[in-house]
């Protein structure tokens, strides 16, 4: 396949992912609204919001890093997307996945947060600083159980290629990592709660405490970029977990259903729990998910 | 305070930070770089109303806190000095947005006491009902609101919905949704509409169910417990020292309730027990409020059962356009959902009050007490502490 | 003006020099942009460009109203019902945002004490245009209950441009929703140019603000 | 209640006793003895709860009345202590050492009435007002309506008619 | 850390399947409740523009403005409230205090506008969507009042106590009663313009509330130098327009006025009113007639420093007040109290001096700088039906005059009085008393053209007359007096259908089939009085202008065509005492102006 076709399909995939991401977040908000007993936003609200954000006339800036923050963040999301095989067995939608893509994706996951840190600090708002320091410390602790789970997977499947891991899970539901390596799955799924940033682990943004953390000073198109990224990131993150633990997807439909359910997991927990304080959440991640992660490794040692 | 002994819950002993100077004052040197000033409010979403906090933080910990108020100052006490007694009545209502009825009642009560007017029995019952409904609607917002500060928004949504239903009842009875302007010096402004009892019972049933749901969602919630138990502790010795009243005092084991201690209106004909808890932390205060919610529902049922069918709603008063109240002064109090709420009224015998001073519970809670409680608190806990005290800025600055 | 000031002035942009402006009551007020403004720069008028595109953008702006959660007065007690199940403003594209930078609708929910007015002005200036102001209740129109108070302003339109007024004391959530509907209509028609108006008549607004606010000191940020 | 009043009457020569209700009594005390009286009531008579403190401006007599309302939570009694101080250079001894919240009240009184309480913490900090440069607003000689009309641009175009004048004009 | 604490919160999820509780169409689904305090409505027809709403509004949100189509008239200022929704707080105090009950609030609550100036409107005058709304806040009923609706009852002698003597019936208010009654006043001022003398009614009522009689007296004397008299016999037009009367009973303004005057000793008057040592300006004015107009003019003129001389045809001053009104309504000592005070200001009075007989008008013209004529209506008018020339057909005015002078008059056993005005009532009740004294029973019938509802006499007069056992039988037109053997047998009457024709002229129509007959030995005519201006000689008459019904035309200062001659009182306006006072007052200023510019 020549590079042009490849790029075309990458962009097509990106387009689908972006739109699905926005639809998914709107749906989740509607589900949350239902529990409260209301209708919630219209399905198309995220798109309008995005257009609105890009079309604001004023946008003050605090310096170069302020510009680059959202760009880095977007780079993190796009990076994850670019190296993530979306549809198993599809030549067109496997993007630029390669043998060691899992490591690169783990890196990109963190990269966005670092970019945010740079941008937020340029914004010079103390809430941004508090938020980002919380974000970084929480993300660091999320990484630990998640990495343990992935190491366990690597040991289990003897590979660091996502495609290979997905391939290994084909042939029936009982082949999914969920059943073959439940402890790693649990460790990863618990740390996923932190990665998605719903309560009880949403103290990074904590809207009624440090409004709203890192993006406090971000607005107009900057915020538009951040929101675009969030839409992509949520899907890609869900796809990563789908690939690693839930047998990947062989079609877009399967991808949509699975990523929805994975994302829903965090909403499911998030709606009914308040948030932890930062040291509580750090302690929690270093306790339960870590324990499962260690067990997962020990089993496959 | 409960000690957490689990090794995973290890916490550094921060009590010696920041260092104190020899004279006992905190050694806060902003230029050292160890401290950051953090302003919260007035347009901060976590602040209860329009006020602001000036926090000096070191790490995640508050070392000094100052409350800034005055963003809502309208000079009520001054304005009422140039209004007729009857004109004070719509004015004073606005002193506390959350429960305006206590203002109406206290003004009416002061005026009646100073001029020696007895109000009809029916009006007394209706006043009691309205005050309890006011407490109900306020608690429906504040009980789940405690979890709301910790981003558990669902309970708030349910609560505010039910509060809306109570406001509908208010609208039927009084003609107003938020500012009811119902208790007028001399009586009240209307009888119960037809079928009111039935609709009230329907709403109360929904609230019963809500209490169960909120119990499951909030009070049996592990994260909520973790965030509130042992946090925001008020020493029992502070109660008198800081003038703490209402649920905040009751959560510390002090069974003080104006309704019981200084019965007014029809409260001595109603059957209720003063609620209390002993742990004196945020969780205990939440529990007290929840119990109070249950008690209020019960009280409203009792009132509805005992309410006479018919009766006068207003005692004859002098022509309100030139009502002169004899010289004198008095202090009347009532129990709002935040605690003792009182009016100190001075009349010089003219058509306008000489002075009306409001003693709001938030005045002490939100300033001296909050400033003390926030020291050594985590930034993340600042708002739950503030909300647990139920500070209401409009009544602080009036 | 002292010599020192004059020398100092030489290095300033025209719009940053100390100047005298006329207040609505005719009194002359000195404006020192470097000390009196919360903004780093004077706001500039940003004209809408392409008519067709602008129409589409205005539609998007109208359907996505992000409201700043700043309760300035009594009316703020009706904001929770507005965004909760009973009235659910979210379905009309009205959403709450916690920071002024991300909001474009400012609900002035009633009376403004002078101390709050200062914060309101600053918050308004922090918002990114196009921005809209929804004024609730009598207090913003002509002083309302507090017409004779020494600490509350009487009319809002002297201090920031207002798009839509909602009558009531306080307006019910339904009236507020009607206010939003009106605001949407106004935005779609391209009439909601408050930000540009503020930039155009900046000196006038500043003169009014300065007449009332005596103490312009503020911490670096305060919200 | 009677015993308490008798007790403080003997010790502090309070006058002007008004039993407003069964459980609340107003008494007047001399300025110099007030703090001692309050201290005595708190320490020895169980009046532990400080309800409020405020001032009333008797401009005709050139006096400020300071009212302290104390409450005995055990016996459920209130005693309000009035004390009169001169409006000129109004100063009063501070009571902030007895209760923590008193300093807040005193800050407000300083700002709103201009009554000074030397030694009270943060008493000179602005409390509610910001950038206020007129006389303290709660004083009776401060005219709020005139101030507001002068300062806050009331919306023009209002005018009203007095019915009797209007009728006289139209009917004669 | 119980596992329960982790799991129970998830029960919230069961709500996800519930139907949302949101109101689907928030703009239409929820009209305000029945009592909702929404936007203002006003029934402009009922509203009288009294301004109580403006008074009670703590936000000064209400202005009274002139509205097209509503003219100023008695009891209606022609103004209507305009509400400023930049001020209103929807407390509905304006509704609760509204004297007519015209102002209400609808249950509409949505009003959004881009232009803040729109929020000012006159409810009822501008078409608003909610004008038709039935629901909304109305004044709570019953027993919810902001001011007393019931009059404080005036204590009076019972019919048995009074019906045979001429002692005063009305006892007067005590202090408590007066203050209670005064408390009901809403100080709207609607009454002021209706009062011919434009008395400062709300202000003296306020003085009663504040128990400041001296201030009250000062107010009274500003416009009315005969408060004792007016406080008893004024026709109180003010009370008929009193705004409190729209939903309750009007204030008894007259009794309150009397209360003030009663409270002050006559010796105190000069001190209170500060009328000691008025400087004389050397000019002289003659006043003809010491009735209300003459006395009023004399009072104000002498305050201005004029030397005033009153010429009175009878032996005592007071004119109609003394000679026309029976003592039980207006005791002579009270007349004397007022008159003596006026005389004490230095007014000279010449009794028993009739102009045209004892001294001519031309003489006065030459002797004085100006002349004021307030000669009143002293000629009785006759119905001119057959039989009126009989000797036992009397004019009420003559009889009253004689009663006052203490002369013996003929009192028959059966009397018919023709007339329904106050004078008719006076003579009816006076004769009833005399019949009582003479025969121990009352047998007197008063009849009038006007029907019961339209009787010109005050309602309370009619009621009291009936209490005194006089029969009032209105609605009959007298046809002829049946005389048999030189003795009156009675009066034949026909039912009266209408009094005035389409053009408003006096042209009564009778029902020939509905006849009645009143037995009587004596008939008294009391259908009005005429003036006697014979003293105005032809040469002076030529200078004057005469209007319809022979009235002298005067300008607003009561100056007649002859510049030196001012005319006022019943011969110009009225007839009643308060017009006389007002005329005298205005004429005094007119004279002052005239003489200053001379």
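A, B, C, D and E are the chain letters, set down in written order, and residue numbers restart from 1 in every chain.
Here is the rule we use: a residue touches a chain if its C-beta (ideal position, glycine included) is under 8 Å from a C-beta of that chain, and two chains touch if they have at least 3 such contacts.
The shown structure was predicted, so the numbers you read here are calculated from the model rather than taken from an experiment.
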item	value
For chain C, the least number of touch steps when starting out from chain B	1
Chain closest to the middle, measuring from C-alpha centroids that were averaged per chain	B
Furthest chain, CA centroid comparison against chain E	A
A-E or A-C - the one linked by more C-beta pairs in contact	A-C
Approximate Å spacing (C-alpha centroids) for the pair chain B, chain E	56
Chain B-chain D separation of Cα centroids, rounded to whole Å	23
Whole-Å separation of chain centres (CA-atom averages), chain C against chain D	37
Mean-CA-position distance for chain B and chain A (Å)	42
Numbers and ranges of chain D residues touching at least 2 other chains	128-130, 137, 142, 144-145, 155
Two or more partner chains touched - positions in chain E	9, 12, 20-22, 58, 84, 86, 89-90, 116
Multi-partner residues of chain C (at least 2 other chains)	84-86, 88, 91, 98, 115, 141-143, 145, 147-152, 155, 169, 172, 221
Set of all touching chain pairs, with the criterion as stated earlier	A-B, A-C, A-E, B-C, B-D, B-E, C-D, C-E, D-E
Touch list for chain C against partner chain A, complex	40, 43, 46, 57, 60-61, 63-64, 66, 84-85, 88, 90-91, 93, 95, 97-99, 101-102, 104, 128-130, 195, 221
Footprint of chain B on chain D - complex, ascending	18, 20-21, 23-24, 26, 48-52, 54, 56-57, 65, 67, 69, 73, 76, 78, 80, 99-101, 103-105, 126-130, 137-138, 140, 142, 144-145
Complex contact set, residues of chain E against chain C	20-23, 26-27, 30, 39, 58-61, 84-90, 109-116, 119
List of chain A residues in touch with chain C within their complex	33, 36-42, 45, 48-49, 51-52, 55-60, 125-126, 207-208, 211-212, 215-220, 223
Residues of chain E defined as touching chain B within the complex	1-2, 4-6, 8-9, 11-12, 21, 32-37, 52, 55-58, 89-93, 96-97, 105, 137, 140, 143-148, 183-187, 206, 209
